[in-house]
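Below, each structure is written out as structure tokens.
What follows is subunit A paired twice: with subunit B in the first complex and subunit C in the second.
Entry: the complex of A and B
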């Protein structure tokens, strides 16, 4: 598994660093911490290959927090960072390769970039072949990146992999997955398995009904999902929710559970609800939301 | 001299995983056999030599850690890559303690698996170069 953690230097980013560390600690994933600063705050790379000091210190602080969270004598991540040096990757781009993958060792990289955050995050996810992007939002209502709603919205709308919009650290009792179509990727099934295992959580499968009830193909897919999870010894319950009340259902469920939305290619959530309103949904949800692709 | 292609055994009780990996690895020059039953995989492994084994962890009958032990006991030079959809720190550690080469959590992209296979191949080839008669 490859995890991309997008950071903007805000103190609340520590929540997502910790969530990402919890995921990495159990899955031994390759991890890239990607710090992004607005382009006008970044001088050219003229200081011996090192990025701007203030932002660098914040990012290195996050890296140390991450390492502290995954610290273990048999951890696949480095025990300390004394021997690693920043290098210029390009103008406004710096890399700190903490560890390359090797047997028993997982890749850990801290990258700093200056520029358009959404474009940089989506570009990295594609090049790195990330399985999940972890992005942060402020706790409570609203999901902003440096005060802008546009960045998280663009990421969740356009990423080709799953996106975990983290508002706070959480130990959910349940992972509640909403489905309105039968296009469920194997990768998303596997990601749900991992989260249920890590959190020791129960699984809820929520079928989203339209004006004519639950679509036949969704009904069939939910049956298949129940069989799949039963075969994996994962306890799951099923519920139906009308599309018109989905927003309030999610807002309610997100208070104590982790809500996940299956956004397959044929999802009307993706085509209609999601495109126009998911950004708002993530903004109004009081807690973290996982977009499954 | 052209090298013999390495032989890889893939064991995962989810057929979709095997079907996804087999063509990608064959395209990269490996000889691949796939199994969805761990008992059938064990029987096959006892009869044929494999350089690399990719095994899922959570399976009915024999689980992945038991299969790993079986493989390393009878063929210590076979490199074993453990994959799992239900990862915990303990299972990862246990895989290495039992001699696993690497541990990959699902989901993973084909590219990630190929990188791990290539690292395992390098180790196998190096060993073959160091003691060609034994590896013959």
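Entry: the complex of A and C
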């Protein structure tokens, strides 16, 4: 798995780095920490391969914290910051890479960029073929990037991979996964599995019903998922929700639970949660939201 | 010996019902008969009378029998008795009612996945099948949870004595932990749980009756809140048991609470 962690350089993003580190530790994923600073805030003397000092300190701190979180004898990641070195890079782009990654180790790199955050994040997700983008959402209601709602909204709406919008300091009691089709990838199953483990949460499998009830293939898939998670000793609850009530169900669930939406190509979740509504969901949710693609 | 009838179709709810029935039959002395009702396709013409109709009915039943037997095989049901389902043809509710009457069953079991809309559960328990059900109790299996801990729910509208009798007619020995709740339904914003039994001779009598049968409740509590909040507070239980009246067709808070819990429900008729 490849995880892209989008960071805006705010020290409060540390909770996100910790969440991503927990996820990485459980999945042995390749991880890119992507810090983005607005062009205007870059000091004029940032040339010569050196990123803006304050921003660099925060981001190196994040990398350090990440390494601390995953540091154990079986860690697939480098042991300390001393193994890293800045790479010569173009103006507005700085890369901190592990110099000599040991065989079998996973990649953990730091990228720092200046410019349009949404564009940079989506571009990196595509180039790095990320499976999931982790993006911070602050506390409680609202989901902003440097005070703006636009960046998280754009990411959630336009990313072709999964997106995990992380709310700060919120321990969900349940991971509630909604599905309306049987197009569920093994990677997303494993991701949900790990989130349930990390949060010590229960799992809710919610089948979305249409005018003719639950589709046969969704009924079958829910049975398979139930068996899959039972095999992993995860307590899973099934529930059905009519498509017409889905928004209010999710609005309620998102107050206490982590909501995960399987947005397949054949999914009418994609139609129900068209752009504005998906953006609204991550803004109004009290807990984190996971969009599985 | 409890005589149970499990209704099965080709869906997840039935899969859960089969597995739950198997778990329960590990705990109590229970025989299980599975039944599947073939509902004729209303859009097609039905043959009239005589051997033509007989042949048509046999063909319909045989087709579904094969599907149900394949389904049971896939479920890996280990009890051979589950592999001999009765196949009936006709209106589902009427056929099940006939079978319940003819077989003198103590317990009816079926799977019904919980829904977000409590009206769905209300419609189920107010259906003709449940209204006229001749057996003392029905188990509605909503989820796959190991039966380890049950909550027996009482409130002012319930006649405790027949409830406890029905409960004991199915769970005739203490096979799991049991807590007894007295529910006060209101519209308050927060649920309140008092860890002591209400000061009620009827409540005490119900608990005494349970104790006489060997059930020693781990806790007797009073719980106040809306059906939604109370059902949330009961998440730790794998079974919620309570009574509903056959005659009542109005929405009542206990039915709503039972409709909202995610665990399986044991309905005893009061």
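Quick notes on this one:
We take it that the second predicted complex is superposed on the first by the 219 of 293 C-alpha atoms of A that agree within 3 Å, B and C clash if a C-alpha of one lies under 4 Å from a C-alpha of the other, contacts with A are read in each partner's own complex, and residues count from 1 in each chain.
Quick note on the criterion: a residue touches a chain if its C-beta (ideal position, glycine included) is under 8 Å from a C-beta of that chain, and two chains touch if they have at least 3 such contacts.
Because the structure is a prediction, the values reported are computed rather than measured.
By the document's definition of touching, of the two partners only subunit C reaches A:240; subunit B does not. In the superposed model, A:103 lies in contact with subunit B only, and not with subunit C. Applying the stated contact rule after C-alpha superposition, one finds that A:127 touches neither subunit B nor subunit C. In the superposed model, A:207 makes contact with subunit C only, not with subunit B.
Look at A:222: by the touch rule set out above, it reaches subunit C but stays clear of subunit B. Once the two complexes are overlaid on the shared chain, A:232 sits against subunit B while remaining clear of subunit C. Contacts of A:30 after superposition on the shared chain: subunit B is touched, whereas subunit C is not.
More residues of subunit A are touched by B (comparison of subunit B with subunit C).
Of all residues in subunit A, only 207, 209, 214, 219-220, 222-223, 226, 230, 235-242, 245, 249 touch subunit C in the complex they form. Per the touch definition, subunit B reaches subunit A in the complex via residues 14, 16-17, 20, 58, 85-89, 92-93, 96, 101-109, 111-112, 115-116, 119-120, 123. Contact residues of subunit C toward subunit A in the complex are 11-12, 15-16, 113-117, 142-145, 262.
Interface of subunit A with subunit B (complex): residues 1-2, 25-30, 72, 74, 76, 101-104, 129, 131, 186-191, 193-194, 197-198, 232.
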